[in-house]
Amino acid sequence: MKMASKTVKAAAKPAPALRAIRGGKPPAAAATADDAPVIALKLPPGKLSPAMTAYFKKCQDKLGFVPNVLVAYAFDSAKLEAFVAMYNDLMLGESGLSKLEREMIAVAVSSQNRCYYCLTAHGAAVRQYSGNPLLGEQMVMNYRAARLSKRQRAMLDFAVKLTAEPANVEEADRERLRRAGFSERDIWDIGAVAGFFNMSNRIAAATDMRPNVVYHGQAR
Amino acid sequence: MKMASKTVKAAAKPAPALRAIRGGKPPAAAATADDAPVIALKLPPGKLSPAMTAYFKKCQDKLGFVPNVLVAYAFDSAKLEAFVAMYNDLMLGESGLSKLEREMIAVAVSSQNRCYYCLTAHGAAVRQYSGNPLLGEQMVMNYRAARLSKRQRAMLDFAVKLTAEPANVEEADRERLRRAGFSERDIWDIGAVAGFFNMSNRIAAATDMRPNVVYHGQAR
Amino acid sequence: MKMASKTVKAAAKPAPALRAIRGGKPPAAAATADDAPVIALKLPPGKLSPAMTAYFKKCQDKLGFVPNVLVAYAFDSAKLEAFVAMYNDLMLGESGLSKLEREMIAVAVSSQNRCYYCLTAHGAAVRQYSGNPLLGEQMVMNYRAARLSKRQRAMLDFAVKLTAEPANVEEADRERLRRAGFSERDIWDIGAVAGFFNMSNRIAAATDMRPNVVYHGQAR
Amino acid sequence: MKMASKTVKAAAKPAPALRAIRGGKPPAAAATADDAPVIALKLPPGKLSPAMTAYFKKCQDKLGFVPNVLVAYAFDSAKLEAFVAMYNDLMLGESGLSKLEREMIAVAVSSQNRCYYCLTAHGAAVRQYSGNPLLGEQMVMNYRAARLSKRQRAMLDFAVKLTAEPANVEEADRERLRRAGFSERDIWDIGAVAGFFNMSNRIAAATDMRPNVVYHGQAR
Amino acid sequence: MKMASKTVKAAAKPAPALRAIRGGKPPAAAATADDAPVIALKLPPGKLSPAMTAYFKKCQDKLGFVPNVLVAYAFDSAKLEAFVAMYNDLMLGESGLSKLEREMIAVAVSSQNRCYYCLTAHGAAVRQYSGNPLLGEQMVMNYRAARLSKRQRAMLDFAVKLTAEPANVEEADRERLRRAGFSERDIWDIGAVAGFFNMSNRIAAATDMRPNVVYHGQAR
Amino acid sequence: MKMASKTVKAAAKPAPALRAIRGGKPPAAAATADDAPVIALKLPPGKLSPAMTAYFKKCQDKLGFVPNVLVAYAFDSAKLEAFVAMYNDLMLGESGLSKLEREMIAVAVSSQNRCYYCLTAHGAAVRQYSGNPLLGEQMVMNYRAARLSKRQRAMLDFAVKLTAEPANVEEADRERLRRAGFSERDIWDIGAVAGFFNMSNRIAAATDMRPNVVYHGQAR
């Protein structure tokens, strides 16, 4: 569920106006866009808190669009706020994992779950952060095909095992991360980011959430 | 990740002191408890914000213990706060789903993922909210064995499919929920609760989180 | 398929009379019990042999109830006798495995197959034999979460692999058991108990067999 | 675990003597046979009861060999007797299912579990009972490829679902059998035979049980 | 998709005439054969090129029948020719793998996919090339049950992993083949034969392709 | 395994010279490209037939590069020729399926198998043929997320079921295609294209085949 990023240039194709994209008949102009409606549930728009109104404006200014996951959550300002707080802490806060690494986990997890929304939005983020379009594609298609450092391979192996068979994750798996150089706190963060996208993938699946079309062309 | 509940009576066995339960050698008194250490990662205790300090006190007063998931998150007050905000909104906030129904989703999802922490804590919650110990056991063991209303069966079928094969959830699945009487907002909530426990199950697996021993005997 | 056990105290809730629990309309008194009817097939009661009549009486005297699996089989005395003979030899006869260990296998296998009947009846047996309610819960939820000796972990790993992917069990798996201290005969017994519950789990699933309600509260 | 059958002619290749086939060094003559040793566990031969001695003699007289599963169990006469009693009741006793149908279930279940022993011994039985070598092959390879009556197809679909995903078997599955003409007792028998081979497949896998070589050429 | 083989003796039961076996009503004589019609699609017969006409005559002369896979492809001479060219190069051309080894791969892959056509035709080929009927049966039922050299076991492990989970095949898997004595070109050939049967298995499944009945009795 | 296409403009990044890309040390200029070496097997270059030499030249002229799958096969001209003949017949020959539809099958199958080579090369082909970059992405990520006609959805459902569980494909699956408007020959073609990519995906996985880097940027 990719959101604000400093490296994104103004998007070529502006996002459809907020009022148009939640469930109701979209206006003619938006009708051809794949991301309208944003979700398959018809939820009446909620009233955003001042903080969230400001956050949406910041997205629009910096990215040229409001990420559709935020639009989806906007039916309820409290839920939106809780989601944004957790997202920003996890993906943009301090961590022994680089922002690129956190995005790589996001995409490898979303590939395991085949989540169209998250693969699109966070695949773009991997391309942007890495400056390497191939790396983004490899995370989407099969992370095992990427030429990764041992550290990053261990990180993704853990995240994908946690996704595919959480009941089998044990101390030996954590030991493998420690041997690859990760700290105790890093292990928490790998688990927390992988966990977060296992949540987001399912909310996107439950609602048929559609990514902003603009992501597809970013950083190719 | 069961937390505060009004119906819980004072627990027989108080939780070990906070300083004892994260990674370091636990004091002698706690050594025999299954829930020490709370997680397999050695994370130095963080400084709780006043709000979180108050929240822990409230747990202790009302439940007789602080749920271990909170103790686990306490190494970082910002992460704890984000987790608590999302949890309380989802599980205790307003919704077309009863609190019991949300707990039933929590346990059915956690059973699919075989999450020891969440099955223990939320299995207890189902027993408490329903006053039916069998229902709690059935959610843990195989929700298909429970004598459920069509509504609740549809709800759990959706939540478990979303857990086991999110890539295959489609409009027909949402339609089944609508036909069972769920509103658009209810569908969001089912997806969001199922998603949340897909996250929590994986954080618990990544860290070998141990449930408070007291849960096992509750509401039998 | 837990049956006689010396440690069980008289059950609080006596089992419904035999004539009431097989398919036909149960009498009013039994109508609220989850274990009536015992199975979803309407099989006319058979005539028990003297040996089986005596065995049922012994169950009633020692346990306070006749385990529902026996009630289910009672439509045909020959089948019942064959089942009881095999069960008693395997679970109560001489073996290098303790009775607790055999019950642990029963529950870990039944958890893999998500069998409501066997998890309930044999989960109670693990709690009783071990005097450790947590161990019973862990066997039901995810045996990997239990703090086991190497011996018992190897035993359960073998039993669960045999359950989940029998075609992949090979000499290396037997060697792992030998290295964990098991004799040739012990390996037979582990395989035989795991095999037996793979049978019982499926007979329970085929018939929707319901466990005696009394099990749920035992040895908590 | 195919045993006595009236239609089998004297086998060309007699079974190796009992003392040679359990674990110890086999004599030179038996060394080239695939079925020596019968199992990968070195179990000292037990003392057979008079009934079991007579039964072995009967097998030798009627079939020309003692089926290896019996040889394997012969280390313990009580276990052998329990196995034989259950087997003979299930596979040769009275039932609404023909003996051929019970063997078809045996093979379809064993194919799902890829059990070399049972596919070999019971594949031969299907060929013998049906007089149709192709039917035996189809049960081994993929029962869906056989031209079956609706009744037999429903029977095998139930048995294979019970094998592959017992936790998902529910009333609708039983209803399908009833609509295909099966009685309540027939449903029990389908479940019991499928269950029995889920046990036998696993005992064979646990011990690397080898079928008598003679089966391979029977009724081709 | 077994075709010409020098070791096959004249078949007892000649294949039904070509015009009878593709979709249309078969003539009375063929009506009892399991291999009529050859596929479940009604495709009008195509005009064979001279090369393919000669090839069919050669099959009839040497084998006594035209393999049904060729009959199936005969609706389009260009497709038939491409299939035959690839097949003959792979299975009969020069290679570090013996013809028997290539057939073993064919059967082990087809067993993983449970392909009735290929298991029948290539199971016969393994029996013929090896002169060992048991080996053919073991490849069909579970290749892990065969007493194989380390080389052949490594070869089949690779082929079956490639079949079951191609996304997980990596350098370590190739290294295992090199350590077992395979050359770079051998690894290509193992991959190409395994790949080819993953194709053929699916064409057979898509069309319900039926093997010539004659295969079942060959080389028993 | 995407090859010649009329719509591709001259590639920005020319393919590394043929001699550089098979296993041996690549020259400095190619060292940074992800597609060198093309495969992980060190196979000495073969001598191309005149027809194949001409074909490679045609690729270079029309596409600006030789697709790496052809480079990989070039170690053996006969194998290359057989592959090209089958590929061109299937993907470019006459069919009731459009070329775009065949490419959609290629990508949906390759997504099921998570094949990096084929997803990259044929994902580009879907983008080119459709002029719709989103459609290419959706085929790669989860074809169920695309807004497809009933015809195309049925086509991909069949192709993906054939990939994931070929043993379960039956007449009802073919009937679904007929009801969606497909002819008998179309069904063959869907099966044959799906089969072909099940082969190609595995050859790519067995050899770690790397797609030409140029594909990634095409038709975005």
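Each chain carries a letter (A, B, C, D, E and F) given by its place in the written order, and its residues are counted from 1.
In the analysis below, a contact is a pair of C-beta atoms (placed from the backbone, for glycine too) under 8 Å apart; a residue touches a chain by one contact, two chains touch by 3 or more.
All values reported here derive from a predicted model rather than from experimental measurement.
Trainee: Find out how few touching-chain steps suffice to connect chain B with chain C.
Mentor: Graph distance in the chain contact network comes out at 1.
Trainee: Which other chains touch chain B while also touching chain E?
Mentor: Intersection of chain B and chain E contact lists gives A, C, D, F.
Trainee: Which listed pair, D-F, D-E or A-C, reproduces B-C with over half its contact pairs identical?
Mentor: The pair repeating the interface of B-C is D-E.
Trainee: Do chain E and chain F, two copies of one chain sequence, contact each other through the same residue numbers, with over half in common, or through different ones?
Mentor: same
Trainee: Centroid of chain A to centroid of chain D, CA atoms only: how many Å?
Mentor: 53
Trainee: Any idea how many Å lie between the Cα centroids of chain C and chain D?
Mentor: 24
Trainee: Can you give the whole-Å distance between the Cα centres of chain A and chain F?
Mentor: Averaging C-alpha atoms per chain gives centres 29 Å apart.
Trainee: Could you list which residues of chain B touch at least two other chains?
Mentor: If we look for residues of chain B contacting two or more partner chains, we find 114-115, 142, 167, 170, 208.
Trainee: How do the chains pair up in terms of touching? List each pair.
Mentor: Pairs of chains that touch one another: A-B, A-C, A-E, A-F, B-C, B-D, B-F, C-D, C-E, D-E, D-F, E-F.
Trainee: Okay, in this complex, where on chain E does chain D touch?
Mentor: 34, 111, 114-116, 119-120, 133-134, 137-138, 140-142, 145, 147, 208, 213, 216-217, 220
Trainee: Which of the residues in chain A end up touching chain E in this complex?
Mentor: Chain A residues touching chain E: 142, 144.
Trainee: Would you mind writing out the residues of chain E in touch with chain F in their complex?
Mentor: It comes out as residues 23, 40-43, 75, 78-79, 81-83, 85-86, 89, 93, 113-115, 158, 162-163, 166-167, 169-171, 174, 184-185, 187-188, 190-192, 194-196, 198-203, 205-208.
Trainee: In the complex of these two chains, what residues of chain B are touching chain F?
Mentor: Answer in residue numbers: 167-168, 170.
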